[in-house]
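As C-alpha cells, here come the structures.
Each of the next two complexes has chain A plus one other chain: chain B in the first, chain C in the second.
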Partner chain A sequence: MAEYKWPEEGKRKHIGKRISRVDGPDKVSGKAKYTYDINRPGMLFAKLVRSPYARAKIVSIDTSAAEKMPGVKSVRVIQQPGAEIRWAGDEIVAVAAVDESSAEDAARAVKIVYEKLPHFVNEADLAAAPASYRRQPTEQTKGDPDTAFKEAEVVVENTYGNDVMTHCCLEAHGLIAEWEDDNKLLVHPSTQAVSGNGAELARALQIPAGNVHLKMDHMGGGFGSKFPIDRWGIEAARLSKLAGGKPVKVMLERDAELMLAGTRPSAYAKVKVGAKKDGTIVAWESESWGSGGPAGTGMPPYPYVWQIPNTKTKHHSISTDVGPQRAWRAPNHPQACLVTMGALEDLAAKLNMDPLDFVIKNIELTGARANVYKDEMMKAAEMIEWKKIWRPRGEGGMGSTKTLKRGLGLSLHTWGGGGHASNCDVTINSDGTVDVKMGTQDLGVGTRTAIRIVAAETFGIPIDQVKEHIGDNSYPASGSSGGSTTIGGISASTRRGSIDALNMLFEKIAPSMNTTADKLEAVDGKIQVIGSPNNSMTWKQACAKLGMQPITARGKNPGPGNLTSAGVGGVQMADVTVDIETGVVKMNNFVAVQDCGLIIDMKTTESQVFGAMIMGIGYALYEEKIMDSQTGRMLNPNMEFYKLAGLADIGNFKVHMMTGKGYDERGPIGIGEPPTVSPGAAISNAVANAIGVRVPTLPLTPDRVLAALEKERRG
Partner chain B sequence: MHNFEYASPKTLDQAVALLGGNWGETEVLAGGTDLLSLMKDFIVTPKRMVNIKDIPDLKGIRMVRDGSARIGALATIEQLIDAFSKSIPAIAQAASGITSPQIRNMGTVGGDLCQRPRCWYYRAGYGLLARDENGQSLVPNGDNRYHAILGNNGPAYFVNPSSLAPALIALKAKISIHGPNGKRDVDAEKFFVTPTSDSAREYDLKPNEIVVGVSIPSTLGVRSATYEVRQKEALDWPLASASVAIKMDRAKKVTAAGIGLGHVAPVPWNASQAAAFLVGKTIDEDVAAEAGKIALADARALSRNAYKIQLARVAVKRAILQATM
Partner chain C sequence: MSSSDERHDNPQDLHENGSQSGVSRRNFLKGSGVALTIPLVAGGEKIVKAAGADVPVLGPGKVNITLNINGASRTTSVEPRITLLDALRNDLDITGAKRVCDRATCGACTVVMDGNVVYACSVLAIEAQGKKIQTVEGLEQNGRLHPVQQAFVDNDAQQCGFCTPGFVMACKNMLDKHPAPTHEQIEMGLGGNLCRCGTYHGIKAAVAQAARQSRRGGRRNG
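And now, the complex of A and B:
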C-alpha cells in the first residue's frame, strides 16, 4: 500500500524552488491563444442590444429593420415586452452577423420603446436609500457590549468604507459557441470552471450534459467573476443554432464588461470600539450597510479575525439598480478587514500606542493561529523597518517634509483555501514522457506549472518530461478555480495519481531488478532499490519496458493521506507618502508576509502575491464604479476613468513566504485570494498615520484626502 | 463605427478642398488617438475622413537662434520632448504628461489642440453640452468631480483637455490656420472658445480650416515649467495643471510672465492677473502661492469639484517655483 505524503524538505528537487511558469514564453511571444484570439471558420459575431436605463419596463421591441440588414444571420429577443429592467446595460435582444460592424449596426437598428421608472444607484448615504430599496436590518449581539463600553476607558467612533469596484478583467467575458450537429455543442469559453460550465449550458439548451464540449487554453483574468456561462454565452449558442450551427463569438465590449460583469459590493460602517487603558480590546459595535446590486449584499464578517468578547452588529442590505455583484477575490474579506483594522488603528492612535505594539498585545484575540500572526507581524515589521520609520499619528514618519507626510499602516487577514475536488489521469509512456490530463483551467496563476512540478517531483524526472493537458471538459473533472482551492486540489490529485502510476511501474519492473515494488524508489531520473543506488535502471530504461501498454492511473482529491489543508494568515504593511497640498497618495514600500502551507513553486507563488498587492493598491487608491444618480448609468465604463494602478504607481514590493516546519506539512493551500484582503486596510491606515486623520472611504482619491484634512482643520 | 469615405490629400489646398462646410460631415485624421475612439463610440460619425499625414508642409519642428520655434501640426508629442526638454521645459514637461508611449508617438500637436473634451457625459452620448432629454445640463447636479471650476457659468462645464495649450498661452504662442482663403494666425488663448451649442466646436476653426502649426516667440531668457497635479502617474489625465513662462532681470525681479491653466475650464485658461501680479516681484514661495490664489480668485466650485480649486492653486505655485528655482 503506497504512502500518500509530500517529500521531506531535503528530498525535494522541484517543489518549493523558483521555477518560471511553463507557459511564460508562449504568453510573452503571443503564441498563447486566449479565447479572444480564437476565430473559427465561418464565424459570426454577436452583439447585444442593451437597456440605456437603470430601471424601466419594456413596452415594445421591433427587430424588423435589423433582420433585413446585410450580413445579419440571426436575431433573438431575450426579454419580452412587459419585462422590467433592473440595471443599465441589461441584455434585451441579441443579433449575430458576418462581421462585428454588421452586428453592431444591426443591434443599433433594433427599436425598443421603454417606460422609464425611477432608479436608485448610489448607496453611500444610507439615509438617502428609498424604503423600497431597503431590507429589514439584521442584528447580532455577543457578550455584553453595553456594559463593556461603559467599562471601557478609551472609545473611538468613526466611519469606514469602500465604494463598489469592478473586476475589469483584461480579457472581457465571452465565448465562441458552435453546433457540431443538432444536439452537440462545442464551446471555447473564457471561464474559471471548464468542468462545471457544461451542465449549465446543457440545462439551458436542453441537450445532454455530455454533449457540450468546452475547450480553453488561456484566459485573461476572472478574479471570481467568470464562473457562470452568463446570458450572453447561452444566447451565443442559441444564435448559432438559428444560423445553422455556425460558430458565434460573443465577447463583451469594455463598457459592458465594467457595467455588467463585475461588481464587488460596497461596504460602509459606523464603528465604535473600546479598550482598557492598557490597550486590551473589550468591545465592538457597528452599524453597516452596502450593496451589490438588485439583491443587496450581506454583512461582511465584522469584526474581522479579532474575536472581541463583546460585540453588537447591525447591517442594512441595500438594493440598487446596478449590475449584480460577483465574487471578487476573497468575497467580503477586504471590506471586513478595512473596517476592522481601520477602527483598531484609530483606537491605537487614541491610546497613544504604536499599532504594532497594540496588535501584539491583543494577538491572542486572533484565535488559534495567533502565533503565526505574531511571527508574520514581526517579520513584516522588520522588512518595512517599522520601528525606524513609524512616528505617532500626524507627526509624519521619518523623512516627512512640510507638505509630504510619510506614514506606515498595517493589517492582517485570513482565508480558507483548502483543495477542491479534482480528478486527473496520469499516464507514463514507454518513451519516458508523462502526460497528466485534468479538466482544470489556468487563470494565469501557474496551474500548468504546478501540475508539472508535482508530477516531475514524484517521478524524479525533469519537469519538461511532463506534459499537462488541461482546459477541456473531456478530461477528468476538476473543480472550478474559486476560493483559492485550485492549488490544493490539483496538486493532491496529481500527487496521488503519480504515486499510483509510479507503483504500477515499480510492479512492472521489480522482477527484472530481482526485487519487489515496495523496495523501489524514483530519484534523479533513475529507479533504484532503496538504499542500493547501484541496483538501478534509468527512468527511460524502466519506461521502455512498458512496450505497447502505457500506464494510466486516476488521481483524486479528496483521497488517502493528508495532502492539503485549509486556513492561512497573512500580514501586510504599507509605507506611503501623502502630499497634503494636493491629497495625492504615493506608495513607497509595500510588504507582504504570507503563509499558504507547502509551496509548490516559490516564483509563481510570489507572483500571485505581487498581483494581489497591485490589485489591492488599485482598489485602495483608484478604483471606483462611478454611478450617475441622474441617468442611472456608470460614468466610467472604460479604462480612462476606471483607473487601474500602473507600474509607476505601485512603489517597491517585498514578499516573504512562511515556509518550513509548521507550514510545509500542511500541504499546498490556496494563495489567490488572501493577499488581496489587507491592502485596503494597510494603505488606509498608512494614510491616517501620515496625515493624522482617517480618510473614511476607499478609494483614497485626492478630493477625499483633502476633504478629510479640511474637516480636521475645522475641528 | 459607420462606414466612411477616406481621402488622403498630398497638399494643404487639396485637404482644405476636401473638407465640407458643416461640422460633423468631415473629420481630419492625424494621429487618430482621439478621433478613432470617438468614431467607435458613435460620438462623431463623419461621412468623410481626411488624412493629413501625407502633407509634408505640416511636419517638423524648426528652432531659431533667438529661441523662437515653429512647430508643425504633425509634430508628434514625443518629438516635442526631444526638441524642447532643455530650451522650453514648459512644453517638454506638458508633453511628458501625456503618459502613454503609444499616444506620444502617434499623437500630434494639432491633435492635442483640437481633441474633444473628455467629459463623461459627452463621451456617453449626451452631446457636447451634456444635456438630458429636457435640455438641462447633467453636469451641475451630476458627478462633476473632473469638471470646470473657472468659466463654468454654462452651458459648457467640461474642461479643455489639451496638455500643450496652457504652455502655449504662457509663452504667448500663435496658432497658424489654413483655410480656403489662405493662412491666418491667432493667439493661442483666442484659438479656444466656449461653445454654446452641441454642434459648435471648442476652437476658432471653420469646418474647412486646418491647424497647420504653432509659432513660439523668442524664448531667450525665459524660464518655463509645467506642473500637473496627477492622481496616477501613467495613463491618466492631470486633475489640474499650470504652465508658466517667466523673464527675470539681473536682480531676479520678474519682468514678464505668462501663466496658463489646464483642466480647469472649457478653455485653457489664461491667468493674466496672476501673471501681472508677478511682474516686479522676486519669486519666493509666498509670492508663488499668492499668484496661485490670484489665478483662482474667480473660481467657482460645482457640487463635487471644490478640491480642484486647491489643486490648481498648488499647480500654479509649484510651476512658478519649478521654473525659477
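And now, the complex of A and C:
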C-alpha cells in the first residue's frame, strides 16, 4: 500500500524552496488574460441603472427611450415598481448594447421615479441608531465577571473600533455570459469559486447545473468578495438570452465596485478589562456593536484568542441602508483582534508594564498554542529590536523628538485554514510530462505554482515538466478559495493523486527492472530500486513504457494519510512615528512572525504575508467607506478618496516563517488570512505607545490622531 | 528637479463623482460627444466657431484613427469620446493595460506615450494619434523578458497581477530616465500606481535588481 505523507526535510527538492510563481512571466508581459480582458466575437456590453437613494420605493420605470436607441440589443427590468430599495447603487434595470458607450447612453435614458424613504447609514454612534434598525442584543457571561472586577486591582475602560472598509478588488466584479444553445451557458467569471458557481447560475436560469461551463484563467483579486455570481452576473446571462445568445460582458464601474461589491463590517466596542497588580488578567466586559449592511452583523469573537477566565459580552447588531457585507480576509478576526489587543495594551500601560512582558506573563491564557505564541513573540521582538526601542507609553520611543513621537505596538492572531475538499486528475504521459487537472482557481496567491511543486516533488522531476490545468469547472471539482483553505486542499489532492499515479507507473515498469513496485522510488529524474541508484532507469525511459496508455489517477482531499491540519498562530509588531503637529502616522518598520505548517513555496508564501501586512496598513491608516448621512450615499466611491496604501507609505518589512520540527509535520495550512488580522491592532497600539493616548477608531487618520491628542490635553 | 517628467501628467478630475448626478472630467469627456449638436458633414471633420475661431470637430459618430502601438501602425474606428485605454482594450484587443479606476488615480492603465508615462484611461484615442505608444506587450524582445519584467518575476513583485503591467511600464520609464534612482525618485516614479494585493515590497526589490542590471549595461529603452 502506498504511504500518503510528505517527504522529510532533507529529501525535499522543491517543497519549501524559493520558487518564482509559474505564471509570473505571463502576468508581467500582458499575456495573462483576465476576465476583464476577454473579448468574445459579437460581444455586447451591459450597464446597470442603479438607485441613487439608500432607501426608496420604485414608483415607475420607463425604458421605452432606451430600447429605441441605436445599438441597444436587450433591456431588462430587474426590480419592478413597488419594490423597496435598501441601499444606494442597487440594480434596477440592465441594458446591453453593441458597445460600451451605447450601453451607457441607454442606461442614462432610462427614467425611474422613486418615492424616497428615510434612511440610516452611519452606525458609529450606537445611541443614534433608530429602534427599527436594532436587533435584540445578545449577551453572554462566563465565570463570575462581577466578582472578578471587584477583586481586580487595576481596571481600564476604553472604546475601540474600526469603520467599514471595502475590498476594492482591482479587477472589478463581473463576467461574460453567452448561450451556446437554448440550454447551455458559457461563462467567463471573475470568481473565487470556479467549481461552485455553476449551481447558482443554473438555479437562477433553470437549466441543469452541468450545462453551465465556467472558464477563468486569471482574476484580479477577490479577498473574500468574489464568491457569488451576483445579480449583475445572472442579469448578464438573461440579457444574453434576450439578445439571441450573444456574449454579454458586465464589469462593475469603479464606483459600483466600491459601493456594492465589498464591505467589511464595522466594529465598535466599549471594553473594561481588569488585572491583578502583578499583571495577571482576570476579567473582561464588553458592549459592542457594528454593521455590515441591512442584515447587521454578528459579534466578533471577544475577547480574541485570550481565554480570560471571567467575561461578560453584550452585542448589538445594527442594520444600515448600505450595500451588504462580504467576507473580507479572516472575517471578524481583525475587528476582534483590534478591540482585544487594544484593551490589553491599555491595561499593560496602566500597570506600567512593557506589553511584551505583560503578554508573556499571561501567555498561558492563549491556550493550546501558548508555546508557539511565546516563540513567535520573542522572535518578533528580536527582529524589531523591541527592548532597545520601546519606552513606556507617552515617553516616545528611541529617537523621538519634541514633535515626532516613535512608538511600538504588538499583536497576535490565529486562524484555521485547514484544507478544503479537492479533486484532481493526475496524468503521466509517455513523453514524461505530467498534467494535473483541477477545478480550482488562482487568486494570485500561487495556486498554480503549488500544484506544480507538489506533483514535481512526488515524481522527482523538474517543475517545468508538470503542467497544471485549472480555472474550469469541467475539471474535477475543487473547493472555493475562502477561509485560507486552498493550499491545504489542492496540495493534498495533488500529492495523493501523484502518489497513486506513480505507483501505477511502478507497477508497469517493475517487471522490467526485475523487482516489485513497492521496492521502487522516484528520485532526481530517475526511477530506482530504493537506495540503489545503480539499478535505475530515467523518468523518461520509464514513461516511454506507457506507450499508447497514459496513466491517470484521481487525487482527493480528504483522503488517506494525514496530509493537512488546521490552526496557525502569528505575531506582528509595528514601529511607527507620529507627527503630533499634523497627526500623520508614518510606518518605520513592521515585522511578522507566522506559522502555517509545511510551506510549499517559500517565495509566494512570504508574498502573502507581505501583502497582508500592506493591506493591513491600508485599513489601519487610510481606508474608510465614508457614508453621507444626508444623502445616504458613499462619499468616496473612487480611488482618490478611498485611499489604498501606496509604495511610499509602507516603511520597511521583515517576515519570518516558522518552519521545521513542530511545524512541517502539520502539512500545508492556509496563509492568505492570518497575517491580515494583526496589523490594525499592532499599528493602533504603536500609535498609542507613541503619543500616550488611544486613538479609538481605525483608520487612524490625521484628524482622529489630533482629536485624540486634543481630548487628552483638555482632560 | 521638476517632477512632471516622471509623474503621470494628466490633470486630476475637476469634480468628485460621488453621486449619479455628479459630473467628473472623464464623464464630461465621454458625454461631450453626444452633447454637441453639430450638423453632420459626411467624410470627416466639421468646423465650428468657438471663441471667434474656427475649430475642427470630430464626431459624434465613429471616426477612423491610426495609432502607432509598439512600433506597428494600427487602424480602427472609434467615437471621439473613446479613451486610448478603451480603444486598446475593446477595439484592438491589446489588453495588457488594465481598466481599474478609469479616472487617472491608480495607474493600472499606464502606457508610455512619446517617452512619458500617461494614464491611458484619461487620454482620448483621437488625441493619441501621431504619438509613439508603448504598452507592456511591446517590452519583450525575441521572446525574452525585458530586465524590468524579469526582475518583477524574480522578486515576486506581483500577486493577482492586475496592477502589474502598469507598474512594469512606470518602472521601466522611471529607470530609463534615472538608471540609478534615488529613494525619492523611486517613490515619485512609482507613486502614481496602486496595488491592492500589497506587492510593494517585491516591487522595491525588483526596482533594485533592474537598476543594478541597467547600470551593468543591460538592455534599456526596450
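The rule we apply is simple: the second predicted complex is superposed on the first by the 715 of 715 C-alpha atoms of A that agree within 3 Å, B and C clash if a C-alpha of one lies under 4 Å from a C-alpha of the other, contacts with A are read in each partner's own complex, and residues count from 1 in each chain.
Rule of thumb we're sticking to: a residue touches a chain if its C-beta (ideal position, glycine included) is under 8 Å from a C-beta of that chain, and two chains touch if they have at least 3 such contacts.
Computed from a predicted model, the values in this text were never measured in an experiment.
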In the overlaid three-chain picture, which partner chain does A:581 touch, first (chain B) or second (chain C), both, or neither? first
Once the shared chain is lined up, is A:633 touching chain B (first), chain C (second), both, or neither of them? both
According to the stated criteria, A:107 is in contact with first (chain B), second (chain C), both, or neither; which is it? neither
In the overlay, answer first, second, both or neither for which of chain B and chain C A:34 touches. second
Look at the residues of chain A and decide whether chain B or chain C touches more of them. C
Contact-wise, after the overlay, does A:622 reach chain B, chain C, both or neither (first, second, both, neither)? first
Partner chain in contact with A:461 - chain B first, chain C second, else both or neither: neither
So, A:327: does it touch chain B (first), chain C (second), both, or neither? neither
Give one of first, second, both or neither to describe whether A:703 is in contact with chain B, with chain C, with both, or with none. first
Check the residue A:256 against both partner chains and state whether it touches chain B (first), chain C (second), both, or neither. neither
Chain C-contacting residues of chain A that also contact chain B: 101, 104-105, 628, 631, 633, 635-636, 638-641, 644-648
Going by the contact rule at the top, pick out the chain A residues touching chain B in the complex. 101, 104-105, 108, 581-584, 621-622, 626, 628-631, 633, 635-636, 638-641, 643-649, 701-703, 706-707
Provide the residue numbers of chain B that touch chain A in the complex, in ascending order. 1-2, 42, 118, 120-121, 123-124, 126, 132, 138, 141-143, 145-146, 229-237, 239, 304-305, 307, 310-311, 314
How about chain C: which of its residues touch chain A in the complex? 12-13, 16-21, 30, 33-34, 79, 81-82, 86, 89-90, 93-103, 105-106, 108, 135-137, 139-140, 145, 149-150, 152-154, 156, 158-165, 168, 186-187, 190-191, 193-204
In the complex, chain A residues that touch chain C: 20-21, 23-25, 27-34, 36-37, 39, 50, 52, 99-101, 104-105, 168-172, 218-221, 223, 251, 253-255, 443-445, 603-604, 606-608, 610-615, 618, 628, 631, 633-641, 644-648, 650, 653
